[in-house]
Structures are given as structure tokens and as C-alpha cells.
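Following this line, the structures themselves.
Here chain A shows up in two complexes: once beside chain B, once beside chain C.
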Partner chain A sequence: MLQIESRPFARDHDLFACVQCGKCTGGCPMTLKTKLNPRSLILRLLTAGNGFDLEPFPELWDCTTCSTCAKRCPKQVSPMEMIIGLRSAIVEKGAVHPNVKAALESTFRHGNPLSLPREQRGAWAADLGVKHYTAGMEYLYYVGCTPSYDPRGQKVARALVALFSKAGVDFGILGNDENCCGSEVRRLGEAGLFEMVVEDNTGAYKELGVTKMFTTSPHCYNVYRNDYPKNGMQVQHYTQVLAGLVADKKITFSGSLDKTVTYHDPCYLGKHNGVFDEPRAVLRAIPGLKLVEMDRSREKSLCCEGGGGRMWLEGTNPATRLAMMRVQEAAETGAQVLATACPFCVLMLDEAVKTLNLEEKIQVLDVAEMAAQAL
Partner chain B sequence: MAFTPRIGVYTCHCGINIAATVDVKAVAAYAATLPGVVVSRDYTYMCSDPGQGLIQNDIREQNLNRVVVASCSPRMHEPTFRAAISEVGLNPYCFEMANIREQCSWVHPAGELTTHKAMQLVASAVAKAALLQPLEQRSASVTPGALVIGGGIAGVQAALDIAEAGFEVTLVERSPALGGHVAQLHRTFPTLEPTAGFLQPLIDRATQHPRIRILTRSEIVDLGGFVGNFKVSVRQGEATSEIAVGTIIVATGFEAFDATRKPELGYGQYPQVITTADFERLAASGEIQVNGKKPQRVVFIHCVGSRDQAIGNAYCSRVCCMVSAKQARLVRESLPEAEVNVFYMDVRAFGKGFEEFYDDVRKSGVIYRRGNPSEILRRGERVVVRAEDTLLGQAIEVEADLVVLAVGMTPSRGTDVVAGLFKLARSSDGFFMEAHPKLRPVETSMAGIFLAGACQGPKDIPEAVAQARAAAAAAMIPLMRGTVPVEAAISSVDEELCAGCGQCASLCTFGALSLHPTRGVMTVNGVLCQGCGACATACPSGAINLKHFTFDEVMAQLEVVTGWAAPVSALQPREEQAVEA
Partner chain C sequence: MHIVVPIKLAPDLVEDLEIDAGGAALDRTFLRLIINEFDDHAIEQAFLLKERGGGQVTIVAPDLEGADDVLYTAAAKGADRLIKLIGDFSAGVNCHALARTLAKVIGDLHPDLVLTGVQAHDDLDGAVGPLLAEHLGMPYLGYVAGLTVSDGKCMARKEYPGGLVAEMDVALPAVFGIQAAEKPPRYVVTSLITQAMKSATIEEIETGEFDSGGAAAVERMSRLEATTHAEMIEGSTDQVADKLVAVLRERGLLAPRG
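Here is the complex of A and B:
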């Protein structure tokens, strides 16, 4: 039994406002492949008296926190936050998947959810001569866990260093001193650990005098922008900074990339934060590149299924993968490159390309990698 | 001879509305002890004829010169009691009301504290009553003509009614033709009657009417004056002319919700996705076709741009349920092979004949599915509507050749300009706000300016016409009477104190204050001033006083309220009171 007190929960999450229209469930990318039904969950919570058992709902861990439900809700309810809240209740009772437990423990011990040593966090940049961030620099480049440790992610981080160095941007990184932002911790429902991470990081950035930051991952960008207490620090996703540099002609592309490219909007960049145009502006500035759109683009972008802690969880229906559907949609446009701007999306889509044996036909690249290639 | 107040206090039971919560006998007994009070009574309904008779009798027999009634809100019955005391020769401004219902019995539980609050309110009213001054009732003459802004069905109907009653009407319309949105409709619900059949005769009557002057392609650019004597500047092309009218009806209508604001629905992106407004044109053209083919599967989606806080329109647009039902029915008629699905959140079939029509539409074969679709995607030649059928509890995908978005009503583009020029208040939904939601539905907060049709909120045709005729009737009252009463409780400037700084004028929303050209002090236009008091609070030298709410009167009330102590008698046990009674 995973019993929660449903009445105060419903009040805290404003579930009484729900009009049961089903827009959340209708637009949710998971509802066609799993039992997840946010609308029905709300009604169950509202009608449960004061005790609700979460045990029969393993699909709570299917949610990718893409935010489609919350963005479209006509009554400003957030089923996504409700699901995160329900996960919290489960985490509190310790009844979580071993992978989740490991990711949370590693974040606590090593400052990353990947169970990798803290001392190797900055190793990717050892040969690049990137400056360590010190007070007075214009930007802190917050690299993030996946770009720091994952070989595929590291390529993106290296590309960004090349781009920003070329443009003469005054920035530094924290290397081994960088700590996980806590985005996935929060979405997995570990509210206590998230609070701790926020406190540590907020204190550290304050001490360092950070005023402006850009991130590799939309997930880190989102958590700093929307979940951390407001502290006057300006946070941007790298595509926003890059688009600015391109517009101001501080970056010009001398090379060219004669390819047809389609762009996949990462949920945490697009739906969550409304950043749709900047990555496209960067791509359009690359000589030779032809940008085509998938039917599901911008607000309708299909989630890659990598958010909301799903990097550590297969979900209740691992046979059908949204990333595979997405790659097929991209291939149908005739694009040779599926571009995106999120380390999770890159990993998920890359794997889907391999599973579908489409490596000959389509390649997954981060916008940063493409821009760096065209320098 | 010094003025000696002789005050009568009348505490109302309002049936049990007040008496069940407040000890009205104790309030009346307490009021009798207040300075200046010569008589204090309580009665079941003070507003009834016998209740008013009590007051009139006391005025005559006990020579009362000030009257306080402790009952409901002044908005409800102040005019009643003012009229009652005038009948027996007392100036209507020698009256004060203590609101012990809305501000006391309705909002507090029964008990001693509630009774104390009622006593305190009465004491404060009595303190003011002792200082009240009689004010002179004045009136202004009225220009016998009206202006109607907007040539949709509401505006045309209102203009016709006023003209038929014998007054000159100027009808100003922004577009080249009359008829507005109704002229764009193919047929109407619930009768499926062709629109042209009733609209064209109405327009013809207005166009041919000797007392209606129609100005199309015209816009209002300025407004001056006041009720009875407005001066309106109208621009037609390059020329601007000034029109003098007594009253004004605003009938600026609505605009259909812009469906591109919901990008997930693909309007403007997929040719298969249209709005209910587009459908009217399609149906009027005789053939319902998409991409040159007759659609086999048609989906209607309710509430696009309505009941949707995500885009800031929290309100229901009231007509879309029936518009979709009508259009679904028309599809079934002209394309009997087509499958028609209507997605709804709730079906609101509240009007006359609506539920019966909804029954009829379902029986014609239209399938209603409960769920608010989330997105529309492309699938081959068709589109697919993604939704949850909430009654089945299943996420579904419905393929369609034609999707019709039932777009809601939003305030028309000109609303901002008209609201600014006429100083009209707007409700949170952006439509113009009526003066009172129950009792003054066609008036605005500006005297002499009235509302007709969908500019006040979403309406169907009969509602718009009904409101237009109500607005016309209300707008004719000043025209027929020939004079308008002018508020007596207005600001006055003490010329000894006024420095002519003009701060008051910058705050006055009625344009009632101006600098005297030679005396260098501010003057109040007694017809424009509505007595709101903003100027009096802002004046740095205390030179402006609001009559009937003077500093002395308000301070006397405050002193009573702040220094009030419960009377000893009121604290005595109830048994003793019972013995006394």
C-alpha cells in the first residue's frame, strides 16, 4: 500500500479546478502507449475520500514531464506537477525503482546522477584550455552532467567551447567544482534532495558572483530559470546566446553544410520555455543548410521520452518508443540530419536511429555541433 | 436661530434578513439615546407602504428635520426613502442610510457582536445626519436625438426603435455596410431559418427611415458633453463632423476568436481545419468541399478560445454549442454519407428551443463525444484529432477530412478606443461592463450611454436584439422627458483656498474640473460632475469639498466609529430586555 492523504494533496495541486475535459490525456504523448491518464487520476484523487493508494499506478513513472498537459489545460491545472507530487509521496516511502534510487544517491554523493566520480567531471575540457570561472567574467558556462561525462554529450560541450571562444565571449566553467542542477532529482520527486542541491548551488553561485549563465541542456536552463529562487541571475540556453552572436555578426560561418536538416524541439526548451525561434535562426544562418519542418514541430513537438527521470526508467511499455516514431517522422521529411539542442534528445534519438537501422539515412546532431562544423 | 437637528431613526427587520441576526429592538432602543434623536422605531419592512407611512407621520407630527433608516444598501432603497420624505416636504438630502443588512446581518453570525456593529453603523449615520445640508435638485435640457455606434443587428434594431418613437438617430458604422456578423451567417439555430430572410428587411427599414442618418465607413474620434447634451466627433473618410445628441447607444459587437492563437490546432496550417465562421461561408456557397472533395469524416470542436484560461478567455461564449449543432446538422443534411463527430466539454442548450434542437441534431446521426481535443496533426490526405473520450476513459485519434473549430466571441477591435473615448468600464473578460448585473443591464457607469448586443458580452441573435430594444427604451427616457436630473451631491471649490494647481482636473475621469480663465481657480461643471470625490481627496489645500460627503460629515462618522463603546444597556442580559419590552 502506498497510501496518500488525497484531500490536502488535491488542494495543494489545485485539482478542484479541473473540469474533466480530457485535454491533458488527449495530448499526452504517453497515453497512446501506456495506461497513464492524468484526467482520470485527478478524478480518482478528488473522489477518493481522504485515502488514495498509489500502488496500482506504476504508469506514474511513464510521465516524461514534457508539460503538454499543463500548457494546454484550460483551467491552469498542472497534471505534470500533480504527477511529480505523487512521485514524491512514493519516494518518501522509499518504494522506487533501483535505478532511480541509484541516480538519487549518486546525485547526493557525487553531484551527478550517473554514478561517476566528481573528480572526473571537468576531464572533458582538460585539453581545451577553457578558463575556470572567476568573479567578473561575463558568463558562467554551466556544462551539466550528461555533457560532462557522456562521450556523446562531451562532443556538444567541446563544440560550444569552440564556438564561444571563436566569438570572443568572456566565459568560464567550474570543472570539477560543478554540481548537478537537480532538474531530474526534482522530476523524480525527491523534493528534499532537490532543496539541498538548490541551496548548495545558489550559495556557490552567489559566492562566485555569477550574474549571467548559459547551459548546454534545456533541462538545466529550465530548472535555473523556473525552479530556483529568483536571485537576479540571468540564465539562458546556449541557443539563445548563439542566436544573439549570429545576429550581431560576432559569429560568421566560413564553412558550409550542404544538407537538408529538420529540427526537433526539445520539450524543456520549446514547450516549457517558449524558445522555438533561436535554434532555427542559428541553423538558418549556416551556409548551404536547408531547414525543413516536421508536421509535429514547435508547440506540437513529440517528446523523445528522455525527460522526467526517464533516462533511468524504461517505463511500462518499452516496446513502443516515441524516439523511434520521432526519427521516422524526421526521415519522412527527407532530412539527412535530425538536429536538436538537448543532450537527452541527442542520446534518445541517436539510439532510435541505430535501432531502426537508419544510420545510413539520417544523422542526429546537436545545433552546437553543426554550428561548430560550419565555422 | 441655530439649527437644532430633530432626527428620526427607523430600524428595519427586513423580514428575518436582519432580525434573525441582529437584535433590532436593542438597536432601536440604543438609537433613541443618541444625541439629536427624537424618535426611534423598528418595523418589519421599512420600505413597505406602512413603513414609509410611519416615517412620513413622524415628520409631520414630531417636526423631524433629518431621517435615518437602518436597513439595506442605499443602492437598493435610498431613492425610495428620499422620495418618501420629499412627499411630506423634507429635502431628499436630509436623509441618511445605515446599511445593517449587506454590511452586517448578511455577513456575520447572529450574536451580540453583530448587534453591536449594527448599533455602531446607526450611531455613525446619526452623527452624519445631524450635519446634513439640504441640496438643490437641478435639471438640464436634452438634445432630442440619439447616436448609435455599430451597425450590426443590435445597432440597427436600436436605431429603428428610437426613430420609430419620433427621435432623430445617427447610426455610425465602421465598415461599408450594415448587418455586421449576422450578415455573414448562412442559417440560424434552432430553426435553420435563412438569415437574409429577417435581416435584409430590417436593414431596408433602417436605410429608408426618414429619421435615421446612416454613416458607414465612419468612426467616432471624440466625445464631449454629458447626458442630454453630448457632442460627438465622427470621422468619415477625410471629413470630421460634430453631432449633438442626448443619449448614446454603444453596439460595437464582437470579433471571432483568432484560432491561430491555438497553434496546436493547426488553423491556418492545414486546409482541412476551418472555423465555424469559415463554415458559414462554405455552407452559403452551396457545396461543402475541402480540397475539391466532399468530406467523409467531419469533426466539430467546441470551446476554441472560450472557457480557456490558458489564452486568457475564462468565459463561455454561449453561442458555440448551438452554432456547432446547427452546422453539424447542415453537414448531415447536405452530406448524408459523412460521419460527424462533435467534441464537447458540456453542451449548453439553455435557450428557448435549444434542447429540443440538440435532441433533433443527435437523432439526425451526429455523434457527440465528451472530450476537449488537445491537438490536430497531419496524416496523409487527412488530419487526425487527438483527444480523450472522457466517458470511455480512452485516449483516441479521430481521422477527419474537415475539422470545424467552434471559435468563441472576443471584444471587437474598436473596444479599446471606444472605452477610452467614452470612459466606459470593462469587465475582466474585456467586454463593456454594465452598470449593475441585475438591475441596470443596459446602462453603463456613464450617464446617458447605453449598451446593446455582444459588445457587453457574448450573445445570440434574439438576446442581442432584446438587449438592443431595452437599450433603446432606456436611451429614450431622457429624450422623452426633455430634461435630465443633475446630481446634487457634487464637488464645490472654496475659491479662497484654491491655488488653481489643477491636480484635481488630472484625476477627474468626467472632465468636470477646469481652470477659470480669469479668476485663476478651479471651477466645477455641475452637470459633468458625478460626485465621486476623487478631487476632494487629492486637493493639497483642502479647497474641494464634496457636498453630502463633506469633511465635517465624514469626520463625524469616523469619530463615532473609532471612539465607539458598546452601550451599557445593550450588554444587559436578554431576559431584562424582554421584561422592558
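Here is the complex of A and C:
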């Protein structure tokens, strides 16, 4: 039994505002493949008296927190935040998947959810001569856990360093001193650990005098922009900075990429934060590159299933993968490259290309990698 | 029912491990320690027993970096008593010394059950449990993966190689070497640990001198070195199968075609 008091929970999450219109469930990418049903969950919570057992709902861990439900709700209810809240109640009882336990404990202990040593966080940049951030620099480049440790993610971070160095941007990184931003910790429902991470990072950035930051990942960008207390620090996703540099002619592409490219909007960049045009502007500026759109693009972009802690959880129906559907959609446009701007999307889509045996036909690249190739 | 769980702190394998200048031990200068994973299972098994049949859980940990975290985490999960052994554990203490030290402390606690990890992930020696049982004059059963207690008797599920499982009745008090708890160790939220840090008390007990006699000494410690690499066999399924059979025949692992 994972009993919660549903009345105060419903009040805290504004569930009484729900009119059961069903727009959340109608848009939820998970309802394509699992039992997750935000509308039904809200109704059950509202009509449960005051006791609600979460045990029969393993699909609560399917949610990728893509925010489609919250964006579509006409009454400003956030089923996504409701699900995060329900996860918190489960996490408090300790009833989490061993992978989630490992990710949370590693974030607490090693400052990353990947169970990798803190001392190797900055190793990806050892041969690049990137400066360590010091007060007075224009930007802190917050690299993030996946781009710091994952070999595929590191390629994106290296491409970004090449681009921003070429443009003469004054930036530094924190190397081994960088700590997880806590985005996935919050979405997995570990509110106390998230609070601790926020406190540590906010203190560190204040001490360092950070005023402007850009991130590799839309997830880190989102958490700093929307979940951290406002502290005057300006946070951007790298595509926003890069689009500015391209517009100001501080970056010009001397090479060309004669390829047809389609762009996959990462949920945490697009749906969550409305950044749709900047990555496209960067791609359009690359000579020779032809940008085509998938039917489901921008706000309607199909989630890759990498968010909301799903990097550590298979979900209740691992046989059907949205990333595979997405790669097929991309291939149908005739694109040779599926571009995106999120380390989680890159990993998920890359895996899907391999599983579908489409490696000869389509390649997954980050916008940063494409831009760096065209320098 | 009083369940005592003595735990050991072992190197965190996420960190890089270095061998010290003497060549027979780990360099402990920057060594970070973590609860021995088998002991984490012993703690979980203790809480599962407590949830089913009530009782008191006492955790005993050596005074090393990370001991307080482990004890407060156990308190957040519901431990009733936390004991820290005060002594010079910094250079590492062998199983014999640890078992003698633990026996003195645990004997005074009058436990019904002593649950300890069947081995530690540093030395894989597995001797603390049986030595402790010997010193306490209690029976010992190792490689246990499940316990049921009723009427002062305990039924233990013991794992054997090859997937065999035996169910054994053990008279209490007894010492059990836990291979795995019935469920994976639970997660405990940071807020509960922070709360426990404010409200729980850690009792301290002096160990006195260690008696390390009887243990084997490590002569040399070295890293495993890769000497040959795996060969990837390319080709169609039939070609791969033919090549594989040929390799196995060549190494004498398959009889030559008759």
C-alpha cells in the first residue's frame, strides 16, 4: 500500500480546477503506448474520499514530463506536476526502482546521477584548453552530466567549445567542480535532494559571481530558468547564444553541408520554454543545408522518452518506443540527418536509429555538431 | 526481538583506487568509503523482519569517514539504536580483529539475531560472520537470502551454487551472513536523513586495542592487466558459427569431427 491523503494533495495541485475535458490525455504521448492517463488519474484522486493507494499505478513512472498535458490544459492545471507530486509520495516511502535509487544516491554522493567519479567530470575538456570559470568572465558554460561523462554527449560539448572559442566568446567551465543541476532529481520526485542541490549550486554560483550562463542541455536550462529561485542570473540554452552569434555575424560558416536535415524539437527546449526558432535559424545559416519539417514539429513534437527520469527507467511498455516512431517520421521526410539540441534526445534517437537498422539512411546529430562541422 | 547489524565501510568503487607505496594495500589518503553492499542488504533484511514481527534494530559501525552518514541513513529508515565503535580503524582492520571487537560489543547487547553481510566487497573474505558467531557462542549460517522468525525459531533461506535453495530451521540467538535481502535495499529520502541528523543519537563505544592475530597477511596487491583482447568474428550467422566451432576445436574445447 502506498496510501496518500488525496484531499490536501488535490488542493495543493489545483486539481479541483479540472473540468475533465481530456485535452491532457488526448495529447499525452505515453497514452499511445501505456496505461498512463492524466485525466483519469485526476478524477480518481478527486473522487477517492481522502485515501488513495498509488500501488496499482506503476505507469506513474512512464511520464516523461514533456509538459504537453500542462500546455494543453485550458484551466492551467498541470497533470505533469501532479505526477511529479505522486512520485514524491512514492519516493518518500522508499519504493523506487533500483536504477532510480542508484541515480539519486549517486547525485547525492558524486554530484551526477551516473555513478561516475567527480574527479573525472572535467576530463572531456583536458586537451581543449578551455578556461576554468573565474569572476568577471561573460559566461559560465554549464556542461551538464551527460555531456561531461557520456562519450556521445562529450562530442556535443567539444563542438560547442570549438564554436564559442571561434566566435571569441568569453566563457569558462567548472570542470570537476561542476555539480548536477538536479533537473532529473526533481522530476523523479526527490524534493529534499533537489532542495539540497539547489542550495549548493546557488551558493557556488553566487560565490563565483556568475551572471550569465549557457547550458548544453535543455533540461539544465529549464531547471535553472524555471525551478531555481530567481537570483538575477541570466540562463540561456546554447542554441539561443549561438543563434545570436550567427545573426551578429560573429560566427560565419565557411564550410557547407549539402544535406537534407529535419529538426526534432526537444520537449524541454520547445514545449517547456518556447525556444523553437533559434536552433532552426542556426541550421538555416549553414550553407547547402536544406531544412525540412516533420509533420509533428514545434509544440507538437513527439517526445523521445528521455526526460522525467526515464533515462533510468524502461517504463511499463518498453517494446514500443516513441524514439523509433520519431526516427521513422524523420526518415519519411527524406532527411539524411535528424538534428536535435538535447543530449537525452541525441542518445534516445541514436539508439532508435541503430535498432531500426537505419544507420545507412539517417544520422542523428546535435545542432552544435552540425554548426561545428560547417565552420 | 533484538536484531543487531554490524556493518563495515569499504572503498567506494565509483572512485579510482590506488595502491600505496608499500604495494600491499590501498592508498587510503583520498579513499572514499561507502557501506559494504552486503551489509546494506543485512540492514534491509533487519527492517523487513521488524516490519513483519516488531522488535528493535541496532546498527553498529566503525568510526571511519562516512560512518555517521550510514548510521543516520539507517536511523531514517527506522533503526532504534546507533552505535559507533571508537578506535583506530584508519589503517584498515582485518576480519579477525573486527570479529573480536564486535563480539565484545554485541555480546553486551544480548541480540536475538545478528545480521551481517556475508562478505565485504573489499576483501571478499567472508570471515567476520563465522568468527563473530564463534566468539559469541552462537550458530552461524551464511549465504542467506531470506529469514522468517516465529516462536523463538528462525527459518533461513540459504542459497547454494547452481540455483539450489535450502530452507533451514535455526535456533536463536544466531548470526546470519546475508547474501541478499528479500527485497533490494530501500531508498530513503534526503529530507528524512536530514531530520535524523537532527534527532537521532549516535552512542560511542571505545574498542581498545585490536587483536589482529590469526589472519592471513596480504603480500602484494596489483591491478588486473589485460593481456589479450576479444576477437570479434565477422560474417553471416553461418560463417560466424563455423568460425566459432573451428576456434573451439582448435583450443581442444570441442571434440574433432569424427
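Everything that follows uses one rule, which is that the second predicted complex is superposed on the first by the 375 of 375 C-alpha atoms of A that agree within 3 Å, B and C clash if a C-alpha of one lies under 4 Å from a C-alpha of the other, contacts with A are read in each partner's own complex, and residues count from 1 in each chain.
Note that a contact is a pair of C-beta atoms (placed from the backbone, for glycine too) under 8 Å apart; a residue touches a chain by one contact, two chains touch by 3 or more.
Quick caveat: nothing in here was measured; it's all calculated off a predicted structure.
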Which superposed partner A:58 touches (first chain B, second chain C, both, neither): neither
Chain B versus chain C as contact partner of A:37, first or second or both or neither: first
Which superposed partner A:91 touches (first chain B, second chain C, both, neither): second
Touched partner set for A:244, first chain B, second chain C, both or neither: neither
Partner chain in contact with A:74 - chain B first, chain C second, else both or neither: first
Partner chain(s) touched by A:26 [first = chain B, second = chain C, both, neither]: first
First (chain B), second (chain C), both or neither touched by A:296: first
First (chain B), second (chain C), both or neither touched by A:117: second
Partner chain B, residues of chain A touching it in the complex: 19-28, 31-32, 37, 39-40, 68, 71-76, 295-296, 298-300
Touching residues (chain side chain C, partner chain A) in the complex: 12, 14-16, 34, 77, 184-192, 194
List of chain A residues in touch with chain C within their complex: 91-92, 94-96, 98, 100-101, 104-106, 108-110, 115-117, 119-120, 190-193, 195-196
Complex contact set, residues of chain B against chain A: 263-264, 303, 307-310, 345, 370-375, 377-378, 386-390, 393, 395-397
